[in-house]
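One chain, subunit A, appears in both complexes that follow, with subunit B as partner in the first and subunit C in the second.
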Partner chain A sequence: MIQQVEKAILEVHDLSVRYNNKTALWNIDFTLPSGVLAGVIGPNGAGKSTLIKAIMGLVPVHSGYVKLFGESLSKVKQRVAYVPQKEEVNWDFPITVQEVVEMGRFPYLGLLKKLTPQDKAIVSSAMERVGIAPLAKRQVSELSGGQQQRVFLARAIAQDADIYFMDEPFTGIDIATEHAIVALLKEMKEQGKTIIVVHHDLYSAYEYFDWVVLLNGYLVASAPTEQAFTPDLLQKTYGGKLTTLTKIAHIIKQSL
Partner chain B sequence: MISDWWIIVNSALTAACCGILGSFIILRRMSMLVDAISHAVLPGIVIAYLFTESLQSIWLLIGAGLSGFATVWLIESIAKRYNLHEDASIGSIYTSMFALGIILISSLAFRVDLDQECVLYGEVSHTLFDVLVINGKVAGPKAFYLLLGIFIINLAFVLLNYKQLKVMSFDGVFASTIGISTSILHYTLMGLVSFTTVASFEMVGSILVIAYFTALPAIAYLFSYSLSAMLRLCILTGILCAVSGYFIALWWGVSVSGATVLSMGICLLVAIFVSPKKGLLKPWLYAKSK
Partner chain C sequence: MELLPSTWYILISALFLSVSSSVLGSILFHKKQALIGDVITHAVLPGVCIAFLVFREKNIFWFLVGGSSTAMLATYIVQYLHRKKVLSEDILLASTLSIFFGIGVLFLSYIQQLPWGNQSGIDRFIFGQASTLSLLDAQVIAIISVAILTLFILGFRAVKIWVFDIQFAGTLNFPFKIVEALFIVFLCLLVMTGLQSVGIVLMSAMFVLPPSIAHFWKRSFTGGIIVAGLVSFVASAFGIMLSLLVPHIPTGPAIVVSLFGVLIVSLLLGKYNSLYSKLKAKKRHQDKIDEEHVLKSLYKLMESIKTETVDIFALHKATRMSFSRIEKICKKLEKRKLIKFSNNKIQLTPAGKAASKRIVRLHRLWELYLSEYLQLPEDHLHESAEDIEHYITPEVEAHLLTIMNFPKKDPHQKDIP
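Now for the complex of A and B:
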């Protein structure tokens, strides 16, 4: 079930990625329409994070290529934003919340240029939107996991890109924050942004995303959520793991 | 008395040179790499010295820079390629490089006026004898001009790339996605660390220099809430330790570099207690008065 689209915002062609002589992704080939909130779903070690890292040029690609807006990444860098897993960052850095969000404006600045009043306005409205404006002067080391994720989201919003890649934004945060973030992502989608989220929880995936990419080393499906959430495809994605399978049956029952 | 003044100035300048680079190193959690570089520059220095027979020539810096680069590159590519943990790679590569340097020195000892002790320990006061003479007038020790040059280069590097360095140190992955060439910055930083190490060799030697790169920023870190404050505080602490180190050395009649690093140690100890961030006495010192 790989549904190709015309006028794709993202095209991945025959992408293979190898780590330490082990193949992490096999011939991934799919396209995404613009304006979707898409989830990359699969079991641990399925190469979900690797896929978006390969799209962002963060890991060496063994074969194949990626196009965004019909161009190579280097030509459209300003239109693409990436939100890393929050564990990849040094949260003990002596820096305030506002300074981190300001980093979202750096792609627009020259070498020695400072932020313009317009940049500052974008930064404060981004903080407002994700609800961290009161924390602006706080040190990032004092934040909770959920607040850290909001800071990342604010920085991404300040980047004002057209397509967003997010690596596991819901790990280590409470359910209220998760729902707030999902609502925000849906709002961004309404504004015409395309958002691709690496997500490991099958339960919530069905209600969060309108498009899913099912992955298990190779591509199992890429289609609107209702079409991809079939017993057959989910079984293929998660293999013969008994516990998962019962859970999957439950989810499918719910979704039918 | 003029010479005392030079000792303090040179020592403070060394601290400033190392401190501003060191801040980025400790924030990126790469202190071990500085340890490695400070030792691994040795073969480069010895080989450059063999050709030029001078301890002051620019070739020494270039030789050191090259072996510093080679070491960092070797460490990182071995770690990446063979899936070895970086500290294992660091530990084995830099000691091999250092051993190569020692073998070169000892096998060519009859030609080389460069001994292991000078390399390991350095001594501030020795640098005073080698002075720069312009038009027959003594213009101060050569080491001062070398350090001043390095300080200007380091400062210019940090100021010109401040935004990029800040993003890279906080979030390297994000930095590369917004088009910052992190590997160029990384290798430039490591190259400057190599130069700075060599420039401060005669002053402090290859072991104590690590304190200049790590202890100073660590002290500054415990008191700062922003990167720029940390950099400034680093230089300030460096000057403080240079002055106090000089007087400790004077009173006890001991090595100046040793005493300077000892005062850094004491400052760090004090910082651990009184730091407003995580200091042990924080609950008493900064009780909420609001």
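Now for the complex of A and C:
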């Protein structure tokens, strides 16, 4: 069930990723319409994070290509925002919440331009929207996991991009924060943003997303949630790896 | 004591070296890559020796070129092999630094038995001898330091992103690869400039120790760098003067030992994370627990025997604390106007009543929570509540009250006050 769309905002074309000799993704090929809140869903080790890292150019691509807004990433970086996994960040670094959110303005300011009153307004309204404005002067190392996640979200909002990629924004946070973030993502979608979220929980995925990309090393489905959530496709996604792919991946690893 | 003109420029170049090595060292410190500094400081030696063998003289420019080349080669080898996953990173770092240094020392002993090599003083490069610093050397230190500081200030915004969140950096439209490359290049150059005064090997201490010391005193990136630079300069000046005044004391070790002294003091007495601050926090916490324990016992005694005054013996029996400890706590509580305390008799003030009531409430609330939400049997509740009651903040208290719908009785059918 792979539903291709006209005028795609994101096109992943026959993408394979192999790193450290491990084949993480097999021939992923799908397109996303603009203005969706999409979930990348799959079990552990399905290559969900790898997929969005490959899209963002953070891991080398073995074959295939990615187009955003019909262009290669390097031409449209300004319009794309990425929220990394919480664990991949150096939280011990002494930096305040506000400084992190201000990083979102870096694409507009570069190294030297001062923050204009407009930039400052964008930064503070981003903090307001995720409810961390009272924490602006706090060190990020002192925050709880949920608060740290909100800081990241505020930074992404301050980036004012058109398409957002978020890697597991719901891990290690309480359910109230999760719901608040989902509400915010839906709000951003209403404003015409496209949001792609890596998520591992099948049950909440059905509620949260209007489009899902089901992944299990290969692409199982890419379609509106209603159509993709069939017993057959979910079985393919979560019912263990394809034996042939696993075997080939093992042979590739041995021979490189 | 009169300072020679040379002493002045030696000291000024120590200031430059201290500040710039603190900048780069703080980045290493926050990126948790202190060992990269070690690899570089060890790996410049073969390059310096090769430059000396080729040009047969001490020439600072050729030394810079030679030393930096082998150091960059070493870091490149580490990064390449790490990427290829042939060995784990710690093994790669440790083996590269010792191999390069070993090769360097072999070259060095070869140079020393050459007829023209012995007077070169090249062996001083290992541990440093500030008195051998020439005006030209001082100028090179100044130029490289100014370049580092300028780049750091201009690139400050990018450096922060790069140190804090390298994944995010990778998605921005900015050449962070160049930031990384410049960082390594200037690390190598700075190590080379430090070779006269500190010595190459101990330059790694100039990277690691000042930021570590600053970490005990300042919790901001720039503040930490300023403290580190200052401490580093004072220690360097001390080490340099010592080695200038006392014959046969090499400068590098004198600086390192001074830094070590400051580190010990900071580690024991620093503002953040020091042993003293940890002990103090622990004692403050224990005091709080004991005070709350006394208050709670007072409340319970008054609740059970329906009286307004409790004597210290009853309290001793209830709390099982020593008399002297009880007396100390009671005096503290009296100071805070929570109790009246005279003739070994204790009365709760209105504020004290509220405070003691709160502890009992938290205790019983927690017992109720455990029994309702964790389905623990009645005899498993008390011990945990004795502990947790001291940690419940007003927010958690409000939360507990809400989720249990403002309960009136605890699991033992006692009132929740």
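Assume the second predicted complex is superposed on the first by the 238 of 256 C-alpha atoms of A that agree within 3 Å, B and C clash if a C-alpha of one lies under 4 Å from a C-alpha of the other, contacts with A are read in each partner's own complex, and residues count from 1 in each chain.
Going forward, a residue touches a chain if its C-beta (ideal position, glycine included) is under 8 Å from a C-beta of that chain, and two chains touch if they have at least 3 such contacts.
Computed from a prediction, not measured in an experiment: that's the story for all the values here.
Once both complexes are superposed on subunit A, the partners subunit B and subunit C clash. In the superposition on chain A, A:Met1 makes contact with neither subunit B nor subunit C.
In the superposition on chain A, A:Pro94 makes contact with both subunit B and subunit C. In the overlay built on the shared chain, the residue A:Val61 is in contact with neither subunit B nor subunit C.
In the superposed model, A:Ala136 lies in contact with neither subunit B nor subunit C. Note: residues 20, 56-58, 77, 80-82, 84, 88-90, 93-95, 99-100, 103, 106-107, 109, 111-112, 139, 155 of subunit A belong to the subunit B contact set and to the subunit C contact set alike, using the contact criterion stated above.
Those residues of subunit A whose C-beta lies close enough to touch subunit B in the complex are 20, 56-58, 77, 80-82, 84, 88-90, 93-96, 99-100, 103, 106-107, 109, 111-112, 139, 141, 155, 159. Across the complex, subunit A is touched by residues 30-32, 85, 154-158, 160-161, 163-168, 170-174, 219-221, 224 of subunit C.
Only residues 27-29, 83, 160, 163, 166-167, 169-174, 176-179, 221, 224-227, 229-230, 277 of subunit B touch subunit A when the two sit together in their complex. On the side of subunit A, the complex with subunit C involves touching residues 20, 56-58, 74, 77-78, 80-82, 84-85, 88-90, 92-95, 99-100, 103, 106-107, 109-112, 139, 155.
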